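The structures considered in this document are given below.
In the two complexes that follow, subunit A is the common piece, with subunit B as its partner first and subunit C second.
Right, the complex of A and B next:
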């Protein structure tokens, strides 16, 4: 390969593939939570973004506590060590909201529209609680090594004009996402509880007839969802920075991912997460430099070759959402129709 | 809270009532005593009144007259309230000139609606919007704070002197950012430079890697960031360093602060920035005076306030009588060369020269020199990050 072609490849990896993979993993983990709740409790949980914020907040609080005791796991961020504690706290919180709010409507056999509206109420409550405890400011809690490879070092090593920077947080995000997704599928396919969940999701009445305890399924669904939300929120916060408001903004791409993939279908949520992430990144990237490397000399573009300004990033999720709902309302994996 | 507000208003009203004795020359002091910059305005007003007091105490102002400042609230943001208060100053209190207002929006409103139609001079110590330069002020509006447009020119000159001819620009999406980016682009093009992209960024986002990707696609080696150091500006710098897109930054005044260097340290080495202010002799002298009077000298626009007050007093003296028209006619003459240079604390000397028919050139705390539209050019510090710290390399 010519150096120009290599440069172009590195450029795209640096600005599109690496950020897209990390962002896609974060969305996939978040969308999985939404899809699981939809599958078992049969409503779109608008409070999921705030659950992620709550989980990330707990992770930050425990990280500070660990740091104050001088515990760290260099070169990895301390937040990883704080995760189990944060997950436990978030699970407790999720179960509490289920008991205090959703259980009442389950008993009354309310329609899913009522559940959705209740979840919006829960969202505002959690919203307030998170801001009350940790405030509205930006918090950077990533410690330890920052880069797996620094762009400057990469340039020196390879002698290329383009650098490739990979952050530790991006690496951790992808690795953790792969492990979690693998574990979740093992659980759903191989264990008794997982099979019960799938059965309950496919046909509630049949599952009840065969002696599956519905409260137990709901409990497991909340435990898994809270776990995923905490991990997704913490990874997002590590990679970018923690600010309560950004999790509210995340709700749109999360739902877009879940619906595009087919709501209620775990594989669909993962596919949807990556589709949304890569659409956002590829549509808003300016290809001028990339094209300059690969087209013959004299044919370089003058403009930026950017399809959409970065200001419209969130519009991409909206467009995809609308198109999917119009063309294939059940999503790629034929999930529930919304 | 309500009670507190009431008592302060009452107290303020009483204070202004007792100060304004019959026969004194009334000058309006209208800045935002409440509102978003209420923490800054007490020192600003005290500084302007320090100049008035200096002129009054000298016994030489128009044969021993005294200036009585009349305080009113501009609120900084509520144009209707500010206009009503200014109206009151001009028609009821019958002031001869106005020190203020502070924020650009209310300043424009007062100038357009009340001050210019009534022929009353306004000297603003802190309104920096470039839009005010184009105000149809008939020569009645002056400001002792430099317009943001000036900073754009200074940055363009700094880049020219360093041989940088191609930059990408990103600015925070508001009047400040847009104004600075536009004025910089104009000045830079005049110097023969090329702005490869000028893209806005929103503050308060979690991730700026997409924005940086677009900026980097232009192939420029330098990135000018006109934003805020605790907001989107920081996010842009962070994402640039993470992806290796830019190593060299050009920073507007909103980006200058220790929190930036604390965050990024020596990875910003070689980046340059500008910020208003300088270390002139006048500034030092004024600093000592402010200390003595119990005014926070490093607060923003404190020196500018003193200069605004001094200029009003000196223009009065030059016109021979405390009239609105006379102040307007003589403002440029006392502020600009030629003439004897007048430093802070030398108002008495200036008054004496003017009484004897001489000419003065007021320098003051901030090197005042008005251009033809009645604005100062101001001084800017050129900073460079060396060893992870901001260092002043030159004064412009």
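Right, the complex of A and C next:
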């Protein structure tokens, strides 16, 4: 390969593939939570973004506490150590909302719209709690090493013009996502509780007839959802930065990921997360420099060659959502019908 | 019996609201009370719009923010003076690109209708969209940058029609209705929570569009100083008739003091009264709109059309079996409700005198409106109006009350205690929490809302 082609490849890896992988992992973990709740409680949980914010906030608070005691796990961020505590707190909170809010409507067999409105109420309350406790400002809680490879070191190492920088947070995100997804699938495929969950999600009446305890399934769904949401929120906060408002804005890409993949289908949520993430990144990336490397000299583009301005990234998830709903309403993995 | 009970409830509830305004007027100030009242009317109209969709027809639209913002854009496009330089700079290119855009979309729609589901349809639609997009950008990009570079500090956009801003209330309704038609065509017929997600997405896109397309709306540079349908305070303060009127109004207070203080006090009073007078003018206009929309909504709900809508809401399948066009009715009611929200959006921008796209947040412009409808009583128009006022009052007053409560609760702490300082700083966010709590409590213990839906039945049934 010529150096130009290599440069172009490194450029795309640095600005599209690495961020896309990290963002996709975060979306996949979040969308898994939405899909699990949909599969068991059968409603679109509007409070999910706030659950992620709550979990991330807990992780930040415990991180600060650990830092104040001088505990750290260099070179990894302390937040990883705080995660189990944060997960426990978020699970407790999720179970509390289920008991205080959703259980009542489950008993009444209310329509999904009622559940959604209730989840909007929960969303308001969680949003208030998060803002009340931690405020609305940016909170940076990443510590430890910042980079696995620095762009400058990469350039020195390879002698290329373009550098490749990988942040520790991006590496952790992908590794953690892979481990979690693996564990989740082992759980769903191999354990009794996991099989019960899948049975309940596929056909509620049949599952009830087979003696599956619905309350137990719902409980497990909340525990898994809260765990995934806390981890996804914390990873997102480590990677970008923690700001309560951004988690609300994640709601749309999360829903899009869950629906595109086929709502109620865990595999679909993961695929959906990466589809949405890569679409957002590729459509809003300015290809000028990339094209300059690969086209013959004298044919370089004048403009930025950006398909859509970055501010339209919501539009990307939305357009994919609409196209999928029109072309294949059940999503890629044939999830619940529309 | 039931009817009397309901009217009584309505009278009591509205009296309580009126009382609350009197309390605010005397404790805080009448200016504050009127500001809250005016925004309360706008909230009530938005709630009416959502009620038309959710209460009449059971459509789950959480895109209110987008339709309100479109109304706001209408206010700018109707009232701002046109910028001829911008039109000459990029006008024809823009016209070409918009024509292209429409042509591409219509080609896609035609192909979609003429082909059957499958590979051929997907390939041909892609073959239209991909090259079409680049041709569109070829004309559009130079046009928008040319327009945006015309005196960017002051204009940098095409301007509007330079008409009185009152027209924009109607235009705003049409803008929102047009958008609702497009949205409804694509997303109605989806399951209720999918429709919610779809409309949430649409509203975010509308806001992104308004923030970004500087050539049309100046984006985040904001459009300020919109013209007004009511007099300006400055002019009132110079108007002799108004000064005389203020003097007459406060005769007793003015006559009690010496002549040299008289002029100073009168001047002070004229300034205060001019502000209140302007707000009262807005209130008058807004009340007229509110009453018109409320009466039309009540009439519509009482008509055969309203009964049909409720029949569709309560059982789509049987209404369909009776020959009702469910999708068509849904589209109709979706457009109507969105138009009402659009009108309210235009009124809001008129009241503010500026369009600031950065201030549109879904919590405030979508979900808060939903709380109003649910708390007021979905399906009851008067209930939505009540919910609009009540929730708006709580939303505004929760902030000072919350700060006061935290101040009292933490008064035993030291003034520089970090916990106290943090709590004081974030106390304002408690109102979000309170909103959620109110919504959940009403849903749990009084799901029909403060003023329940009235179902008229024939005697003897």
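What we mean here is this: the second predicted complex is superposed on the first by the 337 of 338 C-alpha atoms of A that agree within 3 Å, B and C clash if a C-alpha of one lies under 4 Å from a C-alpha of the other, contacts with A are read in each partner's own complex, and residues count from 1 in each chain.
Please note the rule applied: contacts are C-beta pairs under 8 Å (C-beta built on N, C-alpha and C of every residue); 3 or more make two chains touch, one makes a residue touch a chain.
Here the structure is a predicted model, which is why all the values come from computation and not from measurement.
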Which superposed partner A:96 touches (first subunit B, second subunit C, both, neither): neither
Which of subunit B and subunit C A:120 touches, first, second, both or neither: second
Partner chain(s) touched by A:44 [first = subunit B, second = subunit C, both, neither]: second
First (subunit B), second (subunit C), both or neither touched by A:309: both
First (subunit B), second (subunit C), both or neither touched by A:252: second
Touched partner set for A:65, first subunit B, second subunit C, both or neither: neither
Contacts of A:14 with subunit B and subunit C, given as first, second, both or neither: first
Interface residues of subunit A shared between complexes with subunit B and subunit C: 249, 309, 311
Subunit A to subunit C touching residues, read off their complex: 43-44, 46, 101, 104, 111-114, 116-118, 120-129, 131-133, 135-136, 248-249, 251-252, 255-256, 259, 303, 307, 309, 311-312, 314-315, 317-318, 321-322, 325-327, 338
For the subunit A and subunit B complex, residues of the former touching the latter: 14-16, 19, 23, 138, 147, 150-152, 154-155, 163-165, 167, 236, 239-241, 243, 245-246, 249, 280-281, 284-290, 292, 304-306, 309-311, 313
Residues of subunit C that touch subunit A when the two form their complex: 58, 60, 62, 117, 122, 133, 141, 186-187, 190-194, 196-198, 200-202, 204-205, 208, 211-212, 362-363, 367, 370-371, 374, 422, 425-427, 429-437, 439-440, 443-444
Residues on subunit B engaged by subunit A in the complex (per definition of touch): 197, 199-202, 204-207, 209-211, 213-214, 216-219, 230, 242-245, 247
